[in-house]
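All remarks here apply to the structure that follows.
Labels run A, B, C and D following the written order; every chain starts at residue 1.
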């Protein structure tokens, strides 16, 4: 493939976007959606809801992908530039390639959604345009900006590699800024739908700014931003894992092993913040409307939270597994296997409690024997224990990482023994403290538990992580290195764990997306625009899971195609034409 | 009555200990799974038995995580796979292979399949919304009451606390206790007649998690305004706005919180 | 001599010392009565709602709200004892009732309190009537129950006949005995006493184990017509009687669905042997509490359902205990029973409201009345009077039988009646069913009724083909997979 | 001075508390009857008479079961008044006598004969035993009450079976049978020996009374209880008093 010039690349991108927008406007004009008296039109066979559901979720997945991957790519590029590490730059470039392709797919899916919504839901979209119309035009402007910058960023890579690397990194930053702007705009729409503001009871606009600046807007944006980082890194890890398992040369294996590791660690670091921000989002939902909070947390969706817990725990287990196997490639790593047993138990217990359902689905016969609530499960199923279990499992995961980092080193500082003891003391104290708070949470009112104790638990969790990392920084200064990590010396099953993380996370995103949308129940805009379509009921969990699975499969089908395409272009000999 | 579960647990523990000493991870794995299953079933000696669904969840977790555990170290993983490989590939293990691979496992699989496909007496079930979302306001005998952030006038009237408590107690024991129980633990003397069973008020997981306005709403409107997900057709919760006044509903709400030592959210 | 310094006591010291002394003086009576106070506090919080703050049995939940009435402690008469008739109960007797509750009454088992707390409550309860407890009583020795044997049961049966247990409890033990329905059959507190249905173990007030029964037979229930047989029969005879009584208890099979077997023809008579062989489902019953007039204290606690179907017909038989039948000619309403089905069965969980349906989901009712011994078909779409309509076309055939306190009512109808207001039975489908029973003696009619929740009947379809095909196929697949893996492994080794 | 006041106050309060508790525990206790040697005691005798116009006729009770054994109806034996208006089964007793002769050791006795309690009314003494017998070939349960409270309830299934119980409380003990609602009898349980029932001629004599002034009362199942006033009993003499019911 010949090197495409920057200007050509940019114009290609702009034309693509314009064509897509043009098509959608043409179709919309052709159908004259708002001219109808009907509130809904039906999509053939699968119905409007499922259609829009799948398309929107796919679009969101790719959007998350193209917003998350640049964050990761630019970070890599920046570090590679400062450390003059060619490998990092190569990873960054690989990723830039990924998200450039992803960008096109996102745009196509967006177009489909753009056409579908006003045609299938004319009355609802009319309302949305009335309230938030101007943001839509802003969105188009930002989209053009993003397209131009992305194209410029990608196609100028080799050009600016030697001279003007700093400027190039700055371009990457702009990509992310534009991405964040897109995210903020779209979040404002979703935020308005779930926690509307700025309108009168009759649905008339009172303040457009209030309609944008809803309860959900910022926490949702933040949540999505961090989730996008996790997602982007997870895709990166999956890509590396895929390459690792298909590579045959030791160099390639070493390279992709290292890439997978880096991506996975970024993924999990961002992942740790997610529960906290999710908590914030929950608090905002409660602040908007307690009943919606109840509905989402304890009501109809309670079982989905159990599924969420299973998936989240699964992700932690995959990552832990990956790190534990990684100890094999660290000279001196075998010294730490004895701790793995302990960490394993903590993660397992945390996961078990995390997934324990509060209100169990039982047969009538079981219900008669158990009563309404099982004394053990009932107590394990409430927030006090779940918070604790989550944090314990995450902390165990962190320690897996902390062990791996120093597995091939031996401290040489004079206070090495004391330092290790302090670290051990911090570790024990943190587990004990978190468990104690967990126990204490049972005997205090909900208010105090939610506002104070949970915060302390999370604070303790982050404090311990920072403390351990800081101690390690000084403890392993000029440490004796037993041996360099043997990158590439990993069994394939460790890579499946990374792919597992990505698939699980994608599935989780679909599921949580459903919950977020489902919280509105039979409203398009909660409390303002009622959903009177035939689909105005909550589907069963089973059905929702099936749709989430289909979306996930479709997504990975497309992603696999993208990976395959990238690998195929690489196989063309250097300098050759195609 | 002979209970086999402690025996299963015991045998499982013995197997896993012996195989751990003999460095046979595969049998260690089987032993652990056996022990865990036995132990989960043994819960019924100290508490009500765990529901089958929860046991299934936990067992799936154990199967997965212990498999992971035994595959961390390469040599251990190979040792783990060895018995399977031996039985499948070794020529001198023919009898064992025929027995296990060609008889036992297929028969077991067939039996499990039979259990799945045979007509079962399992009536349709539905996931039930325990705390359905209430409307923003309700009509209580023609009077409109806003529920968003509704505050209990009874709770705020601290000067007459005892009076309200006693009134609430009278209302509870003349309207609620036959289902929700003398001890407010959801086990009234006719609780068995209903499915779903009446909710308990004790513990930290029901009314302690709810705002008082929600409880007011549930008492006032009962089954009549439940959404489909709450299976209103099954609900025997009366709409108490036909029997009680607004103040009485607040009083009984106050009582169930005070009597169980719970605070509204 | 005394140290002079020691004699100088500062004013402050005096104040302190006097305060301490008087603090103790004040505290002493408090301490001695603290136990009583805690007992009173617990009693007032958790007993007084029924037994009354004054121990008079007239708490909030008494009168129409409960049956039987809460015990009045101020009478000093206790039903559940291990002491001879007329004697005070032991503390353990009161504790047992508190801890285990009294089945079939609103007295639940109180498990939440510590032993100390229960003891203190008992001490307080005893203060409501102190004269009873002035005398000591010698509890009788329970001993150990002998192992049950045929000979013992035969002996027990003889005593059951000889001791005239059946005069009140009925020949079949259902509490239908004539003597139990005389005007004077009241307890000390002036309310009617009902002889216990010995077939329904969940209703035995004093517990249904053989030891419980032995205790009851020995001590009697003071304050009720249940007499003590301690002096009339030896321990051994009373054990045999107790064993015989346990043998009258029938197994209660609760569940959510009844599987209906197919037969050549649905028997038309209620006493056909096929019915006794058919599987049954027990439905615990409750009073109708949702609409006025509410029934707080139903006496029908259980309804048993059996069902059979043929190619053309379905028969549903409902059985229940009615100790005193009413045909509507004694100033009281007639006994009746009503089956309820949705008119259309949805594929999902959606159903009509479980009592008389609702506006959007009508129900099909099969209504049998003892007064004319016929069954009619009705439709209802709500609980108001005009929501209930009689069907003009009646496809229902009913047969009923009352004997020994036991109603058996058989409804028969074509599987598909061709009427759009009727339920149609399709084999393999779970069809919601609920039961409403009316006991005339309890003045039940209209909305005042005894109700069940929704259950299901499922007409067993012929076994589908896949049951025979799938398991072998899966087994074969596993054999194939095993062979495949082996082949691969061998190649790998080779 | 202030200190003293505090001390007195605290004392007063603490005493008040103690007193309160004592009051609660101290429910009115009946004075116990004391046995003394009575020599040369006096007596009270007289007749139970109907003082009104026409005396009420005895009632009959219809039987709802056991007709083959006991017939269709039985006399209630409630108003057994002869031509001279003399009333049978009236119990005359000294109310509140504190001390006197020893209580006779005789057992009280109630039999079930032909679906009725025999004797219909008798006098028993607290602390003594009572024999309860069933002479009928049918099941009777003797269910007795004092002031509406069950004293015991005994099943007597076999003909000729007898149960012996102790009479622990005093008062008019109603004897009933739950199986046969028409059956009714009385045992007047007195805690002292100075209580007698009148016979067919309505006459009674209470003897061996220590000299003194006594309150005399008479009880009848139909007419209830009447006060005969305070009677002075002189040593060795007989005071006369009639119980006149209206």
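Some notes on this structure:
In this section, a residue touches a chain if its C-beta (ideal position, glycine included) is under 8 Å from a C-beta of that chain, and two chains touch if they have at least 3 such contacts.
The shown structure was predicted, so the numbers you read here are calculated from the model rather than taken from an experiment.
Looking at which of A-B and C-D shares more C-beta pairs in contact, the answer is the pair A-B.
The most centrally placed chain, judged by C-alpha centroids, is B. Distance from the chain A centre to the chain B centre is 30 Å, each centre being the mean of its Cα atoms. In whole angstrom, the spacing between the mean C-alpha positions of chain A and chain C is 54. The mean-CA centres of chain A and chain D are about 91 angstrom from one another, to the nearest whole unit.
Remark: chain C and chain D have CA centroids separated by 42 Å (rounded to whole angstrom).
Residue positions of chain B touching 2 or more other chains: 122, 125-126, 187, 192, 195, 228. Along chain A, residues 363-364, 368 each make contact with two or more other chains. Against chain B, the residues of chain A that register as touching in their complex are 289-292, 294-295, 298-300, 302-303, 310, 317, 321, 324-325, 327-328, 337, 340, 344, 348, 351-352, 355-364, 366-378, 381-382, 384, 442, 445-447, 491, 493, 521, 527, 537-538, 540-541. Contact residues on chain C toward chain D in their complex (touch as defined above): 14-15, 18, 22, 25-26, 28-30, 32-33, 75-77, 84-86, 127, 130-131, 135, 162-164, 167-168, 178-179, 182-185, 188, 220-229, 231-232.
For chain C in complex with chain B, the touching residues are 45-46, 49-50, 59-61, 65, 104-108, 110, 112, 254, 256-257, 259, 283-287, 289-292, 296, 298, 348-354, 358, 361, 428, 430, 451-454, 456, 458, 460-461, 463-464, 466-467, 470-479, 482, 485-486, 489-490, 493. Taken in their complex, chain B has these residues touching chain C: 85, 88-89, 97, 101-102, 105-107, 109-114, 117-119, 121-126, 169-170, 172-174, 177-179, 181-183, 185, 187-190, 192-195, 222-223, 228, 231-234, 236, 238-239, 242-243, 259. On chain D, the positions that touch chain C within their shared complex are 3, 6-7, 10-11, 13-14, 17-18, 21, 24, 27, 64-65, 138-139, 141-143, 145, 148-158, 161, 163-165, 168-169, 176, 178-179, 181.
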